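Letters are used for the chains, namely A, B, C, D and E, taken in the order the chains are written, and counting of residues starts over at 1 for each.
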Amino acid sequence: MARFLLGALDRRATPIALVLLVVAVLVPVAHLGLPASHPLHVPTYIVALVGKYLCYALLAVALNLVWGYCGILSLGHGAFFALGGYAMGMYLMRQIGSRGVYGNPTLPDFMVFLNWKSLPWYWHGFDQFWFAALMVLLVPGLLAFVFGWFAFRSRVTGVYLSIITQALTYALLLAFFRNDMGFGGNNGLTDFKDMLGFNIQSSTTRSALFAASAIALALGVLITSAIVRSKFGKVLIAVRDAESRTRFLGYRVEHVKLFAFVVSACMAGVAGALYVPQVGIINPSEFAPANSIEVVIWTAVGGRATLAGPIVGALLVNGMKTWFTGALPEAWLFVLGGLFVAVTLFLPRGIVGTLAHGWNALAERRRAAAAEGGRDPEPKPSDLEPAPAE
Amino acid sequence: FDGAAAAQDTIKVGILHSLSGTMAISETTLKDVMLMLIEEQNAKGGLLGKKLEPVVVDPASDWPLFAEKARELISQQKVAAVFGCWTSVSRKSVLPVFEELDSILFYPVQYEGEESSRNVFYTGAAPNQQAIPAVDYLMNEEGVKRWVLAGTDYVYPRTTNKILEQYLKDHGVAQEDIMINYTPFGHSDWQTIVSDIKAFGSAGKKTAVVSTINGDANVPFYKELGNQGVSAEDIPVVAFSVGEEELAGIDTAPLVGHLAAWNYFMSVDTPENDEFIEKWQTFIKNDKRVTNDPMEAHYIGFNMWVKAVEKAGTTDPDKVIDAMIGVSVPNLTGGYSAMLPNHHITKPVLIGEIQDDGQFDVVWETPGLVAGDEWSDFLPESKVLISDWRAPLSCGNFNVETGKCGGKGM
Amino acid sequence: MLTVESIDLHYGAAQALRRVSLVAEPGEVTCVLGRNGVGKTSLMRAIVGQHPASGGRILFEGRPLTGSPSARARAGIGYVPQGREIFPLLTVKENLETGYAPLPRKERTVPGEVFELFPVLQSMLGRRGGDLSGGQQQQLAIGRALVTRPKLLVLDEPTEGIQPSIIKDIGRAIVYLKEKVGLAIVLVEQYLDFARELADRVAIMDRGEVVFTGTAADLDDDAVRRHLTV
Amino acid sequence: MTSFLRMIVILLALCTAAAPGAHAEADPGALLAGLGAGDYDATEAAIARIVATGDARFAPALAALGSGDLYTRKSDGRVVIGRKAGGRELALIDPLSGDALGEAASRELEKIRVNNRIRRAVRSAIGVLTLMSPNRAVRLAAANSIFASPDPESLEALDAALAAEKDPQVQAAMERARAASILASDRPEAEKVAAIETVAARGGRDALSILTPLANSENEAVKSAAAAGIARVESVLAMWDAAQNVWYGISLGSVLLLAAIGLAITFGVMGVINMAHGEMVMLGAYTTFVVQEIIRTSAPWLFDWSLVIALPLAFLVAGAAGFVIERGIIRWLYGRPLETLLATWGISLILQQAVRSLFGPTNREVGNPSWMSGAFELGGLTITYNRLWIVVFTLAVFALLLFVTRFTTFGLQMRAVTQNRRMAASMGIRTPWIDAFTFALGSGIAGIAGVALSQVGNVSPSLGQGYIIDSFMVVVFGGVGNLWGTLVGALSLGVLNKFLEPYAGAVLGKILVLVLIILFIQKRPRGLFAQRGRAVES
Amino acid sequence: MNATNDQLATSLLYLDGVTVSFDGFRALNRLSLVLGKGEMRAIIGPNGAGKTTMMDVITGKTRPDAGDVFFEGAIDLTKHDEAEIAGLGIGRKFQKPTVFESQTVRDNLELALAGDRGIFATLLHRPSAEETSRIEAILETIRLGHLRDRLAGSLSHGQRQWLEIGMLLAQDPKLLLVDEPAAGMTDEETKETAILLKRIAQTHSVVVVEHDMTFVRDLDVKVTVLHEGSVLAEGTLDHVSADPRVIEVYLGR
């Protein structure tokens, strides 16, 4: 595994991972170590905000693995994120213990006032952190496995797959809304007190969660990079571009997709699990189809099928959302909507994709100039774009 | 841009209502009413000699964004208090932020109760200030014997219906005379449910519907009622989430006689209300705009806050929180509302019938003010809890049986 | 009728055509020969407007040809692309009817010679184009181009994947179209015998350039060996 | 109900004089004054006293009471009818004579409060008082309203009316009303059993609600007759219930279809993942709102035509928006279908916010024209007019669209362009126009869907968001690119939903439908009406 | 029956009574065909005769409505999917060249290269020197060496044909199904292709579909003529070309 990940450290992945690790160290230090008056002090507000963004970024990285590199446009990735979040939320709920408003030592408050008599079976075990942590990976992974197993075996592709992933998350949304499900209905899980014995609102816990998010994101990037750089990555792209042809070469396309899908779902689950203690609530709206579509949007804005794209997209879009909902509360949708339109029109490969392409094209031109009138210049995929018909 | 100097000569007031997304339909009005109230206060000379400065943000009907924006308002913008939220989940989402940063939230919407935070003032109705009087009215005035409890499937209706179910049973209603039905948010096809209600109502006993159906789903619900000819004489519907604003989107001619229970109606004929309506319509530059109950709640909440700040002589949250209790201000229905030690307020309860002009005609009201009861007496675990934020108890969920303050885990 | 004057064509940074010139006259077949990847298809795309030329100019009936592909089709250029490009979900009949676009309403019929040339199309009118065999699609592509009643017909390797008897038919059709109908025809071919038989003029391309022009008779073994062998 | 009362008032105003009081002994003024004398109990008692007179001259006063138009004049305590007369003044009318009494400000009057209990009493009182009306329609309505709120007090009046009644239909209605009233009284067993028979023969839910309480009767004979009657009514109802459910399903399905059908063009045919589709529907709905607003203020008599006027306008407005979007944005994205998702999502945000800024964030009222209000009975089916018209309208739109795509040159070129834009251009097809008009067509259809959907739901800036997911679901479930698939998909999802709902409830029913869609797609990975063959596989 | 059993046992590929219909149209009609181990066979026949459909059936793309398809005497191909069939050692070059457009020529070949196709094998795969040299050799053979780092999407039609052939070589299957390899090639290249195929046929079994008679003659192998979904004639090229029915439906006069 380590060797596999180290193999991922190339010209593109290394700087991203390094930046993230530096952030993981410096931000907590600046938050905890510097007095509030210090100009370099990072306030709680920023730690909480950026920590949340990092989780979103990891979710986008997860989506990019399946969408960017394997062509599976999942419109239901929010479901895996939310499931990871719920697993963590259940742990945090159990940690409240008898500190709930009704003082019931086992039942969470919402169960008490809706007359639950005992803890439903699926809530057992979540008082243990290791169990919850396992479930963070297992529940989204298993759902992705079962769902993917059937869908890929039945060769559901393209928009059909997109729409059933959307149906999946929508069905989960409705299910988790139901109070009878035992997950707190619309209000979800809230009122968390502590995690592993640390007060969830303390600066140290916040810093630790922040660092964990940054490191998880770095790992997500490295895993993606390792997968994409391997021969398996070439198979993924082959599946994306000509699925049926890949089959005729003897690749079990359904296994390839399933693997990517499950890995991606687990990543999304981790993102959700880190997100919940930082925002303090998990509620069914995380399953809303629109949320999953937004993840696609972040990835597209940043540049799909690039390592840094999903991160840049998630940070930029959410950053703009934060900024403009405060600065232009009545017009921010114009700004954000305009951004999406502008990116599609002017940065067709997303921000990172376009930059990388521009850079490559420049390098290309220089090389061509150096080679002086070489007869076989090498076109890049951009040149393959059919010219507009008229 | 606003340096320390500027921050000192204004007092910032946060407004945390969704201006986009699904809740914008209800919450935008509350943002506007807050702007009006602040403008008016400034015209009166501001507060403590400083101008009030509204800080509007858009949490976009996105619950985690509510928490983020709350933190931004308190720790970045340094507001003195926040007026905001509509849905319970948004309140739940911001609650830890207000507690952590020790600030003040005024929550203006009727809700399910079962909560009392030191940092929140609940100016909307608790279930006993809306649901129970409405049921009393139907039982006594209309002789209703059979009940449909229809609601959107979320916590407010669930809890309200739990409370009502217990209440009805305590009043001798049999289980088979209660039908409970839940629908998803934004439910738009009511054909089956309305016809089920008709069927349920044809058992020879007077039947009524208690509706906790949420905002958006109401228009198609009432349209279907009207079209299927369910008239108020036969099966009246009493709603807790339908006010003047919701009715503005419906042709109410077929709905005359259906009911709503609130603590305020625009049609209430008092000089305070006339003045409020006039100011509102002038402010919003539209003489057709209606007023509603949560607007009144903000009106009350804002005036209480102003009074408490004046009393405390500072906007410091701790001092203001302490000063709030006992503050009493005029409401718009001709009386006074007072802030109780449990951070809920006293309110009159009014039952109104829908008129063909989209207004409500008050057909009944409680003889006096009803005190908001945060911990319902009709839920077994909650019966034993009380809340009192005054020293020395200073507890939101004090268990009178064990003598312990639950939330502190003691 | 068609004069290509010294055009260049680029795919991004890569140059596919260099100062290519070509002439086609009514009642004549101009044949373009060349190995794989020398730019034959690129030249055809430039003529029909599917890819812009980056230098030089193209004249059609004496006027510069600059419009969109659809304008060129309406001006009388019919195109049979390499790879057939049948509309896969349209029936054979509908595929043929797409050729009505440039025609005035009363002329909107499928000319009889299409079915005479390719009787198989007649029997498959209701089948979806994409379901046809490769050779059948090729026949449909030629038929479809004829529906537009072109003055200039551009054929990019029309015999590819076609059974021998029909290749002969296509040969006969080309002769008929140039002699009886008086079309100008530009034909890309790899199949030398076929080309020799039909061509009035020949252009051989190599590495994006025209390296030989002349009549079919001029096409001596030397030129062939130099530019067409591996 | 109020409109029923209004009608009675009008009819009565025409013929009050013709109905001389039979038992007029008390002072009518005093009787009327009793209506406004106290609380609801007092009002109800006063109504009972008026009924006891049997004097039809009181009917207009009662009708005005029911519709909330009856006042006590503060100056002299006289009870008067007040009608809105232009400004803030009310025109006063004497309830008995119908004479005009001048105008008064509402402050000078005290409204007599009514609630549902009073309205029920009024309804049955008018029934009793108008049983002898010379007008057939009034008598029929009177009999029916007694049936709806039976009252032993009315038996005497019914008997008298029956003796005089010649019209067989009215007679039958009176018989039923009489039977219902007998069942509410303490008449002897034999009469009750016969009455049960009459009521059960009529059938329907109303009959059930009269019979059900009798099933617990002390009296054995009545009890068993009631049980038999109930069983009889219920067996008929059960049969109709199934049919009713199918109808609900079809009508839900047609709403889904209507919402999806424009998307079947922009997404199904053109392949644009059009997240702004819902906003096109919204534009159509807002167009309807604006049309109605203008009609309301400047030509109220046109109101019943408002939808007919709104249809072409909505098509133009949404179609023009679609045209602009295609020319401005979508056309740069052909060949990059996934990017259309990003761009149209952006457009959708912008349009929502634009409408919010322009029309405000709250619901706007779009009224039903009279021909789309109410319901009629078809056997045991209740069919509401608005649903019926929507089903008819949807099928008409579908047929039209099918015709355009299948049998017109535009349709052919549209399909050719979307399958191979470059080759279509080389065939001489003006692809930019075809693209723009196709997108405009899909958007325009979404716009007219908005006109119809404004009749069943909210008209608010987030209207479109409510339909977008279902629309994609329908198009994909049916099979992308196949209009028939969209039709069958929408209707079968509608019916399925409605059959699951009674068992599973609305929430679980919806979840089940989604799960079934997921499972179904496993069986048919390209939807219900899958495109098959080589063409689609590669 | 015995005879067929024997045939089955010794055959590499065995088709018997294979029928495929599309919406009532019979593309293959009780087609029977036996290919011995190490044999090379040319298949000709009119456009639409069912040649490509036959390959679709063998490679698992199309399921026959009736009939048997056996590989190496024992393996029922109708029970396997495309990937499994490829794994069994059947490779295919498509009539319409399909390559992975956004990957380089070299990566296309690497993907095709024989080897373990499992997930973890590919994840942990390190290119060996042997593989590299094989790829170089194939690039040489298909004359795309100078384009090795080009994206396959930018190749011309004929170049793609060559790349497809190269991918087939890289796959190194037991049985090669080659659909119209010479289409779009110059006469000279066509000759080269024939030589290449003959060389391959020394160690592999090959089925070639082609309309170019010169090419088929160069191959110099047994020829099967398909027509309307079944075998019309079989034998040497000279034998079948003399058959009046073949002349009528295929060669023309």
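Keep in mind that, in the parts below, a residue touches a chain if its C-beta (ideal position, glycine included) is under 8 Å from a C-beta of that chain, and two chains touch if they have at least 3 such contacts.
All values reported here derive from a predicted model rather than from experimental measurement.
Engineer: Indicate the lowest number of steps between chain C and chain E, counting one step per move to a touching chain.
Structural biologist: So the least number of steps between the two chains is 1.
Engineer: If you average the CA coordinates per chain, which chain's centre is most distant from that of chain A?
Structural biologist: Greatest centre separation from chain A goes to chain C.
Engineer: Counting only C-alpha atoms to place each centre, which chain is farthest from chain E?
Structural biologist: Using the mean of the C-alpha atoms as each chain's centre, the farthest one from chain E is B.
Engineer: Per the definition at the top, count C-beta pairs in contact and tell me whether A-C or A-E has more.
Structural biologist: Counting C-beta pairs in contact for A-C and A-E gives the edge to A-E.
Engineer: Which integer distance in Å separates the CA centroid of chain A from that of chain E?
Structural biologist: Result: the chain centres lie 44 Å from each other.
Engineer: If you average the Cα atoms of chain C and of chain D to get two centres, how far apart are those centres in Å?
Structural biologist: 63
Engineer: Mind checking the centre-to-centre distance between chain B and chain C? Centres are C-alpha means, answer in whole Å.
Structural biologist: Chain B and chain C have C-alpha centres separated by 75 Å.
Engineer: At what distance in angstrom does the C-alpha mean of chain B lie from that of chain A?
Structural biologist: Comparing mean C-alpha positions, chain B is 36 Å from chain A.
Engineer: What are the residue numbers in chain B that touch two or more other chains?
Structural biologist: Counting only residues that touch two or more other chains, chain B contributes 19-20, 153, 182, 184.
Engineer: Please list all residues of chain E that touch 2 or more other chains.
Structural biologist: If we look for residues of chain E contacting two or more partner chains, we find 22, 61, 96, 98, 154.
Engineer: Enumerate the residues of chain C that touch no fewer than two other chains.
Structural biologist: 11, 14, 50, 68-70, 131
Engineer: Under the stated contact criterion, what part of chain E meets chain C in this complex?
Structural biologist: For chain E paired with chain C, touching residues are 22, 25, 45-49, 51-52, 95-96, 143, 154-159, 161-162, 180, 183-189, 192, 211-213, 249-253.
Engineer: So in the complex, which bits of chain C are touching chain A?
Structural biologist: Those residues of chain C that touch chain A are 11-15, 50-52, 68-71, 207.
Engineer: Give every residue of chain A touching chain E within the complex, in rising order.
Structural biologist: Interface residues on chain A, with respect to chain E: 4, 227, 230-232, 234-235, 237-238, 241-242, 244-253, 255-256, 259, 376, 378-381, 383-384.
Engineer: With touch defined as at the start, can you tell me which chain A residues reach chain D in the complex?
Structural biologist: By the definition above, chain A touches chain D via 73, 147, 150-151, 154-157, 159-160, 163-164, 166-168, 170-171, 174-175, 177-178, 244, 289-290, 293, 296-297, 300-301, 330-331, 333-334, 336-341, 343-345, 348, 385-386, 388-390.
Engineer: Which part of chain B faces chain D closely enough to touch in the complex?
Structural biologist: Listed in rising order, the residues are 19-22, 24-26, 28-29, 141-143, 153, 181-184, 186-189, 191-193, 195-196, 198-199, 201-205, 216, 219-220, 223-224, 226-229, 231-234, 236, 245-246, 248-251, 253-254, 256-257, 353, 355-356, 361, 363-364.
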